[in-house]
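Two complexes follow with chain A in common, the first pairing it with chain B and the second with chain C.
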Partner chain A sequence: MKNGTIISIDKLIKQFPVGKSKFTALNGLTLNIERGEFMGLVGPSGSGKTTLLNIIGSLDTPSMGTVTVLDQSISSLSHKQSSRLRNRHIGFIFQTYNLLPVYTVYENVEFALLLQKLSASARKKAVMDALEWVGLTDKIKSKPAMLSGGECQRVAIARSMVKRPDIVLADEPTANLDSKNSHHILQTMKKLNKELNTTFIFATHDEKVMQYLNRKVSLEDGQIVKDEVIENSKN
Partner chain B sequence: MLSLKLAFKNLLGAGLRTWLNVLALSFAFVLIIFYNGMIDGWNRQAQRDTAAWETGEGQFWHPAYDKYDPFTIEDAHAPMSEDILKEVNNHTLAPVLVSQATAYPHGRAIGVTLRGIDPNQEVLELPSSKLPQSNRTDYAIIGKNMARSANLEAGDRLLLRWRDKNGTFDAREVEIAEVFRCDVPTVDNGQVYIAISTLQEMLAMENEATLLVAGEAFEMRELEGWDFKDNEFLLADLQQIIDSKKVGGSVLQGLLLIIALIAIFDTQVLSIFRRQKEIGTYIALGLTRAQVVGIFTLEGGAHSILAILLGSAYGIPLLLLLNRNGISMGYAEDMAFDIPLAEVIFPYYSLRLILITVLIVVITATIVSYLPARKISKMKPTDALKGKLQ
Partner chain C sequence: MIRFLLKGILRDRSRSLLPVIVVALGVFLTVFMSGWFQGIMGDMIDMTARFSSGHVKIMTRAYAENSDQAPLDLALLDVAELTGQLNEEYPDMEWVSRIRSGGLLDVPDENGETRGQGPAMVTAIDLVSPDSKEVDRLNLSDAIVKGELPDQLGETLISNDFAEKFEVSVGDKVTLFGSTMYGSMMFYTFTVSGTIRFGNTLLDRGAIFIDIKDAQLAMDMEDGATEILGYFKNQPYIDEEAMALATSYNEKYSLEEDEFSPKMIRLAEAAGMADYLAIAENMVSMMVFIFIIAMSIVLWNTGLLGGLRRYSEFGVRLALGEEKKHIYRTTLLEALLIGIIGSTVGTIFGLALSYRLQAHGIDFSGMMDNLGVMMPTVFRAVVTPSMYVVGFIPGVLATVFGSALAGYAIYKRKTARLFHELEV
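What follows is the complex of A and B.
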């Protein structure tokens, strides 16, 4: 792995069974991602963006090839090891927020820390810091049902960032948001990327997201068709 | 601890669905305790009454006597030694002489057991002191059930015919001095009590007895020529009948418990089906599948904790009230089952009964919660996150 490389993907193939045949979602994909990148996987539906995110996040495993995240080969991790990797080092942001409905904003954000053996005071400080980053300190007692879509996604960002992960994987994070909220959220994430040097990887086909990316990897039929560095992205 | 906290949080967050399940399970919990408490209370009352009216602290039987075999009665009698008579005079032993006879109430014949009892005895609650001592008239006391079946009442005269020890038939009229009320059928049904001295004279068995009932003050020891039967032996039949009642009742309790458990099972299946995204999110946040299975199992199992709390909230006052006031059973007119049944039964809730019931409810609720939760361990997190049917 190169110095600064946080994710290394080599000849990755991912196939899913469809009836008696197999569908190839990722077809021999090779890619390196550096620490602190704010990059996006772009492409049409079915191009393999989400599948790649899931494998990087150790929610799925490669059929062939290797994926190394933080020096750990995804294929060789046990259930426990992959859970630990996700809990300590990877944050997830989903299109549909995936907040836990019976928990308050505070508890949703705190949840990610409960598995780490932190003191209650350390947890509280981390949660309040995270909510401050996303500007939701006044909503700590609200439940997700009482929040707008933009607020829910900000809670999801706070939840993913509260443990200060090395990598945040965001799957279509703005798909359910209006333009104003999308920009607000992207600005928040960009700010956290700069301040905490967290690597953000997006799966998107939203133009608004693309404006903020420093690197854009275009996928088509499970293969990389373009990998471009963007110098003049939005801050 | 974390799983338990999450489980309770999720459970309470589910609102009405949770409380309906909890209510159903709490009914089962309270009913199991109530029914078993009722049976235990009945058991204790039956044993207490049988001991007070019939068996005392145990009995010394003539070696030939077998209460299940009426043919043994004829030979089962022996004179009482000086030592025994001393105990009788001290009211620590109550001698009983037993004989078979035929009674003719209002001209019809019925088989009865004549029991000679010391009018001065203080070992049994039998109102033997109601047997007047008279040279001219012989008296008898009978139970209410015997009086009803023979159509007799106090003051009536009853013709008795019996065979003495030489095999000679004899007959005599006795006057019913008292009709007593007793919960113990074996003391009442077909039994006629007369003074033991009268019966000894009638049977030509002077100073003889068939069995000796030991009182509380009797210093337990062996009596030569008599076999001691403790209450475990004497009450074995009663215990067997009560146990069979318990088994019968457990079918009803089991059914009620199963209905409540099916509701929890159903809720769990539905919950896992509907909350796949949540399951995927837990896994994405770093919980292992085993931990998620644990959360869902505990969530279902926690129904039982809430059911116990809810059941305690309305069950404790209710059960205590029943325990204090008892449950009226009415007078057991026909005593058909040969089980002592008091007019009022006081349920008895032992700590053992409560703990066993709590364990049954918690363990069964946890098991039925685990069965559907196992499915989570086979779920693909990526499909769960999408809410794809699995």
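What follows is the complex of A and C.
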């Protein structure tokens, strides 16, 4: 792995059984992702974006080829090791926020830290820092039902960032947001990307997201059809 | 994490309220039914002990073999000496002599001719001695319908049903026909001092209570009795102690070669009470078993519904890096908390109602006019130490077991589908 390379994918093939035959979702894909990138996997539905995110996030394993995340080969991880990888190093942001409705904003963000052996004071500091990043320190006692969609997604970002992961995987994070909230969210993530050097990987076909990407990898039928670096992306 | 789970349980009523209600209701029913059932069985045993079997009963070996025929010729003799000996050897017991016999009660008209006759179940007890406890033991004062308790020899209490049937009034004379201990005819005239009714066909059918001295005189049984009943002075019936007492007594005094030697039997051996006692013990166990199975099925389904509702929460937790077994463990921990809360509530309410029914039973006498078994007409519960756990432990176990079955689905979840599942 090159210095600064955080994810290395080599000849990745992912196949799913469909009846007696197999469907190839990713077909010989090779890709390296550097630490601190703000990159997107773009392409139509069925192109393999989410499958690739699953494998990078150690939620799934390759059928063939190798995927190395933070020097750990995804294929060789046990359940415990892959859980630990996600818990310590990878944050997830979903299209539908998936906040826990009975808990407050503070508790939703704190939840990500409960699995780590941190003191209550260390947890509190980390949670308050994360909420400050996303500008929600005034909503710590609110429940998700009392928040707007944009605010919910900002809580989800705080939840994914509170453990200061190396990588954040975001699947269509703006799909449920209006234009103004989408830009706000993307600006927040871009800021965190710069300040904390966190690697952001999006699966998206939203043009608003693409405006902020530094690198855009286009997928089609499980293969990379274009890999472009964007110099003048939005901040 | 426990604090976090507790908050979730308290705030999410659909996660906690239904299971807590289900568990509390089940535990409440188990505790209450256990107390009530034990109370009724206990009262039944107590009533049998007071009226017929004592906690232990001494008869001659021959009488014991034919006791359903009440054969007077096989009765105990030298009862005063025997009772004195028992009082000396077993001071923690109270010993009383009784004669039980059958006969015919004749009601004469103003000319002394028979106006009516009916079968009589004679129970002769120490009725008129001032220090006798038999009147209280048999609750005769409360059973009196007309008249009063006998206060001198020659007086009798007769069944109110019999008195009404033959129009016998208080103060009337009645004659008891029967046989003596030696097989001769026996006629003895009593004055009716009162009529009694227990609300139990078995006791009210021709019951007649006379003093044992009258019976001894009438039946030619000087210093004789058909049975000597023993009661624990300061405690209810305990089978183990009664068994130890009977065994030691029989080893010492009961001789196989002498059919007139005394033999002690305990309450559990008399009148099929062993079966009742076994039923009493088994019924509670069966109730608890059925409760665990039923509650587990209900809570399994509740857990499945809760699991479906919390599908996205579990998904997020998996994505955040929580292990499946950790999620499963926390689900069980939640179930444990719910089980403890529900079981505590159910036990408190079950005990409260049982205490209430221990103090104030429910009177079913109106529905038990023709009851043919010896049991009380007021049903009471009894609170025993076992009731603190009889519902509590099964309540907690059923909750955890139900959740364990429902939560097993967590292990079947494929993390590879999390993105799809969480974005629906």
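Just so we're on the same page, the second predicted complex is superposed on the first by the 235 of 235 C-alpha atoms of A that agree within 3 Å, B and C clash if a C-alpha of one lies under 4 Å from a C-alpha of the other, contacts with A are read in each partner's own complex, and residues count from 1 in each chain.
Here is the rule we go by: a contact is a pair of C-beta atoms (placed from the backbone, for glycine too) under 8 Å apart; a residue touches a chain by one contact, two chains touch by 3 or more.
Bear in mind that the values here come from a model prediction, so they are computed numbers and not experimental data.
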item	value
Clash-or-fit label for the pair chain B, chain C on chain A	clash
First (chain B), second (chain C), both or neither touched by A:172	second
Touching partner for A:79 - first (chain B), second (chain C), both, neither	both
Chain B or chain C, by number of chain A residues touched	C
First (chain B), second (chain C), both or neither touched by A:98	both
Which of chain B and chain C A:87 touches, first, second, both or neither	both
Touched partner set for A:216, first chain B, second chain C, both or neither	neither
Which of chain B and chain C A:190 touches, first, second, both or neither	neither
On chain A, positions contacted by chain B and by chain C	54, 57, 59-60, 79-80, 83-84, 86-88, 92, 94, 96, 98, 100, 102-103, 107, 111-112, 114-115, 159
Residues on chain B engaged by chain A in the complex (per definition of touch)	2, 9-10, 12-14, 277-278, 280-281, 283-291, 380-382, 385
Chain B-facing residues of chain A, complex	54, 57, 59-60, 79-80, 83-84, 86-88, 92, 94, 96, 98, 100-103, 107, 111-112, 114-115, 159
Footprint of chain A on chain C - complex, ascending	1, 4, 7-8, 11-12, 15, 312-313, 315-324, 326, 415-416, 418-420, 422-424
Touch list for chain A against partner chain C, complex	50, 53-54, 57, 59-60, 79-80, 83-88, 90, 92, 94-96, 98, 100, 102-103, 107, 110-112, 114-115, 159, 171-172
